[in-house]
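Look for subunit A in each of the two complexes below; its partner is subunit B in the first and subunit C in the second.
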Partner chain A sequence: MADETSTQVTGELTITLNGTQVDARKGELLIAAAERHGVYIPHFCYHPRMRPVGMCRMCIVEVDTGRGPTLQPSCMLECAEGMVVDTESDVTSKAQDGILEFLLINHPLDCPVCDKGGECPLQDQTMAYGPGESRFVESKRHHEKPIPISDLVLLDRERCILCDRCTRFAKEVAGDPLIHFINRGNHTEVNTFPDEPFASYFSGNTVQICPVGALTATPYRFKARPWDLEQVESTCQTCSVGCRVAVQSSRNEVLRYVGVDSDPVNWGWLCDKGRFAFESVNGDERLGEPLVRTGGELRPARWSEAIASAAEVLQSTLTAHGPEAIGVIGGARLTNEAAYAWAKLAKGVLGTDNVDAQLGDGLPAEVVLGLPSATIDEVCAPGGTVIVLGPDTKEELPVLFLRLRHAVLNDGVRLIEIAPTATGLSAIATASLIHHPGETAEVARALVGQPGLGTDAGGVNSAALEVARAAIAAGGPVRVVLGRASVAESVSWTVEAASILSSIPDTSFLMALRRGNVRGAIDLGLSPGLLPGRVTLDGGRANLSGLWPTVPATPGMDTTAMLTAAAEGHLRTLVLVGADPLADFPDRDLARRALAGVETIIATDTYLTGSSSLAGVVLPAAGFAEVSGTTTNLEGRVSVLSQRVTPPGTARSDWAIASDLARALGVDLGFASVEDILTEISSAAPSHAGLADALASSSDTDGVVVPLSGPTPADALLSFTVPTSDALLPRHSYSLRLVVGRKLYDEGTAVHHSPAMTNLPVGGALRLNRYDFDRLGVAEGDLVRVIAPALTIEAPVVVDPAVPRGSAGAWFNQDGLCAADLIDITAPLTVLQVESLNGQGAGS
Partner chain B sequence: MGYLRGFAVTFRQIFQRPVTTPYLIGKGPKAPKPERLHGRHVLNRYEDGMEKCIGCELCAGVCPARCIYVRGADNPPTDPVSPGERYGYVYEINYLRCIHCDLCVEACPTEAITETKLFEFSFTSRADAIYTKDELLVDEAGMPKHLPWEDWRPGEEEFTSGWVRATAPAGDASYEGRVGWSGELGFGVRAPEGDQESRDASGSAGRAS
Partner chain C sequence: MARLTPENEVLARTIIGRYPVPKSALIPLLHLAQEQDGWVTDEAMAHIAELVGVSAAEVLGTCSFYEMFKREPVGRYLVNICTNISCVLMGSDDLLSHAEQRLGVTVGETTPDGTFTLEGVECIAACTEAPCLQVNYRYRYKVTPESFDELVDDLAAGAFADEIPPHGTLARVRQVIAADRVAGAVEPTDGRQPEWMGDPDGGAS
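This part shows the complex of A and B:
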């Protein structure tokens, strides 16, 4: 693979590699050029996704650049015209032999108890290139055996060969330089700063790239040996970035995910949440049998019974109140095939259009499908400008953050951030426009407006705006990463801002929606008013005639509207497809009233959640690694998901559940397998035309971006209207505008049911700027009275410099202070007052 | 009529002395066991009582019959089961599959798994055939567990020894006559096998005295 990290690779030249003339590119490293031509040069420290450092000297080969052959490290040497390289000469072999003997001087050789044993580059290369025996009989260097450097990673310094891969990763790639070499010479070791753990969201990657077993991950430690593991390649569904992973299992239990280098997506990296969420696949509390409520309690039931009673509920609701009395929420956890099957069941069989895969925390589907789209590669392409108008990518879309970070630091991409609080990208942004909550559109307007006006907008000063305008004016395409920065404010401002930004010439958008396959769910019709293939009800009706029994006549409700209707008693039956509104809907009070207001809830889920435990029928679903199919990431890239293990108990895949429910309602969905569904998608969904063939014939596993016919022509985009934004109340010195974002580790299923991660959520607290905090006269972590429009609660308060003056931050779905309790979804913006418990108000 | 020639072979052999040795002659003593007989396994301990197995799964990896199931776990720091970080947390051998090839013994880096000369066991259920760690592990004195379906008699402690290693390291002849491993294998310590010459001279090769 070409070196992606540093210099531009241009021009052709010819070198002699082991006697054959081969081509190389100008600026290409010798080790990479050799690899491209099938000559493997052993190495430890070189990694194609990081800058070379020449630490280990293992890649030494004999090179003649005209002054006679010399030994040179091939990872530090750029190819030059006429270079003569011999990777197999006696001199090279002797050098390799010697390097390995040196590397092993202090190596403890505890291969039998080392997690890397069996897949260890040091073992392999010693076998292939090393000496049979060591001449060193002196005692080895000793260190305390594994020391924790974070909650997830252990370090065994005895095994470390000082290759600088982990430390380089932490500094260069992740931007968390928390591990370093310390001491000198024979005492050099990798370590953290005292009392400062390697708390990086990406620490698991260092375990994967460590060429020895010096770094081990607690969730996998001693669970298996490499030769026990069987693996398939799949796509992570923990968030919508869709990183490629190898799912490895032993004895029908998933034991590890390993990042796969997918050039357009994750470059081999994974975030720790995605990497270690495998534990939740095996959780003890997984639902393994259907539950039916009898006598007020959920009791285990047979599938036939559960399906029959769910169908009966649906049928009687249909007969008595019509399809509009049924709502279906969820679907972002599903595969594309299951999403299509559920869309067909809900819209084509039940005939309701009250279907929404998003839980009031995303963007309207018409906006997602109505703006020209950009891929991750297009966003990160050198020379452009990226506007991030959305969530903190480091927290919500971690590997997208890595790609953006790389683009800014290495490829000269100019990054403008429009956000209500500082984020993980602020430090490297060209312009970080931190604005007052609810004034996003003002900032967007000022950004596209005339330069030199010298006025502030939305709390952002004119100088920063000027820098941002200059960045856009510097030329190149403009790519917008669009999402919800805060769920405590109406989405209308975000939509308005997006439509303002779309007026900049050559602008396209990457939708920073959060949940796993939310994009696939939207594409395949799990959204009100839409049908599979990114078309409206009217636009798609003709397509589906003959395939679907019926198609809803008029657009239905989204999740917020459904829950409101449910709370008012207008919705009789609610189907939750892997959704937990009590935990995930921004307004918990409304969710609670809605779930209490419907007659029956039917839930399919992998775990019993707060919402599904209120259901009348709970159907256990097979989850990640237990089903095969395809998934769509945030750029619209469809890639293959693979099954590696069997689901617990009698849990079944979601498409089969939809099929069974339809059959019980007297309709045959017409699917016998996942392939059947994919074939139907390829013909029924206009945007997915030809998908099945494209996936089958694609030579790599990177997946394909739909629609396949190149960039969407502007006229095929859905139209959306910019909602009229609600007028904002003027800012008062005594009120704080609430900003609610998410942390990577929250109380969601993936973290909650993965023992290694359960301690990682930060916990909820109200976060204030130092200025607002000081006015309260309390200490860090003290309880304060938080007065929201709907309720008053007590919550801990902390200082957070990322939060600007006049705003208050709260994380979503954390213990301690749950932001969803404070939010009133009907208000355009949640405004709080905070008082210290000894009677002092903030500024009052 | 060609088949008659076949019968002739059979007929001729009827009058030969059988080369097979009767194992139990009537109800009498058992026949002597060959010195290198491969019987059921034991999991050994160090003299201080620590388990030797470190749960490395090398035995499971090498086993051609795939009959070993091992899982390692972190040694509890306060009460370690074996020296080092890792110990064998699950250890099972399925004797319905084991072919007693001893490759597991060869693979083990700590001499934790060895084979005894105990082979008289007949079980009537699948569960009994799968020896668990508890059943394989020797007691503090190095004596294997006597399971109800195993036939061993007083005086046969000698056969519980794991001293069965047939080959010297990498088949190196210069190791002959030397104990290539530690001296406290199984129950009791035994002198090493004599070298080839002395064995040939005494004509005792292959037979325990």
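This part shows the complex of A and C:
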């Protein structure tokens, strides 16, 4: 693998490697060139995704550059024409002996009680290249074993060989330099500043790249030996980035995820939420048997009973009120195959188009599918401009944040951020356009407008706009990362802004959607008005005529419309496919009224949630690592998901549940395995034509991006039209506009059911700029009265410099102040009033 | 005693302004913190991190690399007795154990009244005058147990108040750099250099 971190690889040259002439690229590091030609040079500090530092000296080899052979570190040496390299000479071997003896001087050799034992580069290379014995008889360095450097990572300083991998990762890759070498010489150790833990969202990567057992992660400590682990490669579904992971288990229990280097996606990195969410797979509270409500309570039932009960509800609703009285919400947790099966059940069997995989917090499907799309690699390609108009990628799509950060710092990508609050990218953005909530489109309009307008827009000053315009004018393609920066405002402004930006020549979009397989669910028809393959009802009807019993005649409702209809009593039966509107829908009051307003709820889920506990029938679903299939990430990249363990109890795959429900309704969905479904998708979905063959012949690690060949026929695609944007609201000096984004750690299932992460959510508080603090006459931590459209509550306030004056920030789905309680989805923008409890009201 | 005082913060910003890259001011600022409190407190390091724009861990990394930055309180007078070969040959072993008895502390400790901290150090480059020691890095040559006692009495009595300032003080006279000689915030990569440095390509100046 080429080293993208430090050098641009260009040109060709020839070197002699262990007596053989091989090609190398100009600027390529010798260690990388050797690896490419199958010659492994032992090393500890060198990592292909980070800058070389030559710390450990393990990779020294004998090199002759025309001035006689000398020992040189191959990780610091760029290949040069005619270089003669011997990695196996006596001199090289003697040097390796010496380095290993030296590295082991202070190493405790406590391998029998070390988690790294069995997969430890130090252990392996000592066996392969070491002298076998040490001349060191003095006493070794001693430290307290192990010390926690964060909630998730423990540090054993005795084992550390000071390779600088973790500290380099923290500074270079993650941008959280919270660990550093402390002291000097023999006393050097890695450590944090006192009382300032290594609270990085990416800390787990340091555990993975540590070449010894110095860094260990609390969730895996003393759980297993590497030789007892079985693994499969899969794709993380915690968010929509789709990082490639190795799922490792022992005795039918998932014990660890390890990042796999997928060049177009995650480069081997994972975020801590994704890495440690495996604990929620094993949770004690997982649903293992179907539940049916009898006598007002949910009681365990047999599958046949539960399926029959659910089918009866659906059949009676169909008979009495027609298919429009049924709504299906969810599907972003599913595999592509399960999403297709559910789309076929809902649209092809039940005949309802009230189907939506997004929970009112995403983008309309016509925007997702209607704008020209870009891959992560295209967004991060050197020389371009990236406009991030969406959520804080560090909080919601952490590994995309790493890729963007790398592109800006190393590849000259200019980053323009359009957001209502400062984000993790603000510090490295060429221009950070922090605007008033609800005025996104104004900023976009000013951005594409004529240079030299000299006027502010949406609260962004003209100077910042000028810098941003210059960045776009500097040339190169423009890539937009598009998503919802705040769910407290109407999506129409985001859509309008996207439409305005799309007028810039050579612009394409990467959709920053929430939830694992939301893109796959939309692609396969779990969205109102769509059929599998990114086609409209009319566009896809003909294609499905032989496969589906029926196809809905007219587009149905999205989640917001469904919940509104349910609250008004127009929707009789609601099917929740791994969805929890009470926790995830932006307006909790509406969600609550909707769930109370329907006659019956049928839920499939891995855990009993706030919403599914209200259901009449709950069907336990098999989750991640328990099912096989494919998943689609935010780029449209389809990759293979693999099963490693069996689901708890009698929990079943979602596609099998759909299939059983259909059979109970008298229809055979026509597939008996995941492979059957993939085959049917390949023929039924135009955008996925040939997918099964393409996956079979592609690299498992990288997957394939759909559509495989050219765009879908234009007449079948959803046309992208700009909605009538909600009118711009007047600003009041006595009110605050609400901004609601997400933190990485929230009260969602993945965090809530993973013991290592349960204390990581920050908790709910209203976040204000210091200026507004003074204006309101409140102090940090004070309780204030928050007057929202739907309710008035008391909540603590904290200072957040990321929130601009006149706005109020609240995190979604946190304990304490819950943003969903404040949001009124019918209003284009939620406006709050905040009053001090000590008598001084806002604006006084 | 904690973060930099408002006056020192103003001075710190001036110092940062002298360098092309703020991080370059780390060591001068650590000296400033040590001058303020006699040692470098965690709070001062955190404050410096804020001022320079790096993490506190990075400040600690730099601070802990250098022995002369003390991260624990030390006495008003830091007494370093050389323990290298020339001084040992001339009796510094005896001098050191005498010092321990005289001050009532072992090497590395501070007297209960906070006046003296005793340390043994490697060669301080005054071999011709062995055995030698430093008080707050001011030399005393050819020290005998008797002259050591005398020195301690004098220091305790404040006799050297003018000559030997309290630990941490770098110089009595604050360095002043004229505005036209300040490098300023020049990117080190842009090839420019301050005008006062002259023409590197051998111009007339």
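Everything that follows uses one rule, which is that the second predicted complex is superposed on the first by the 834 of 844 C-alpha atoms of A that agree within 3 Å, B and C clash if a C-alpha of one lies under 4 Å from a C-alpha of the other, contacts with A are read in each partner's own complex, and residues count from 1 in each chain.
Here is the rule we use: a residue touches a chain if its C-beta (ideal position, glycine included) is under 8 Å from a C-beta of that chain, and two chains touch if they have at least 3 such contacts.
As the structure is a computational prediction, the values presented were derived from the model and not from experiment.
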item	value
First, second, both or neither for A:785, with subunit B first and subunit C second	neither
Partner chain(s) touched by A:112 [first = subunit B, second = subunit C, both, neither]	first
Contacts of A:184 with subunit B and subunit C, given as first, second, both or neither	second
Partner chain in contact with A:141 - subunit B first, subunit C second, else both or neither	neither
Touching partner for A:593 - first (subunit B), second (subunit C), both, neither	neither
Partner chain in contact with A:225 - subunit B first, subunit C second, else both or neither	first
First, second, both or neither for A:193, with subunit B first and subunit C second	second
Subunit C contact footprint on subunit A (complex, rising order)	176-184, 191-196
Sites on subunit B touched by subunit A in the complex	54-58, 60-61, 71-74, 84-86, 109-110
Subunit B-touching residues of subunit A, taken from the complex the two chains share	110, 112-113, 117-118, 145-146, 221-225, 227-228
Contact set on subunit C toward subunit A in their complex	42, 45-46, 54-61, 64-67
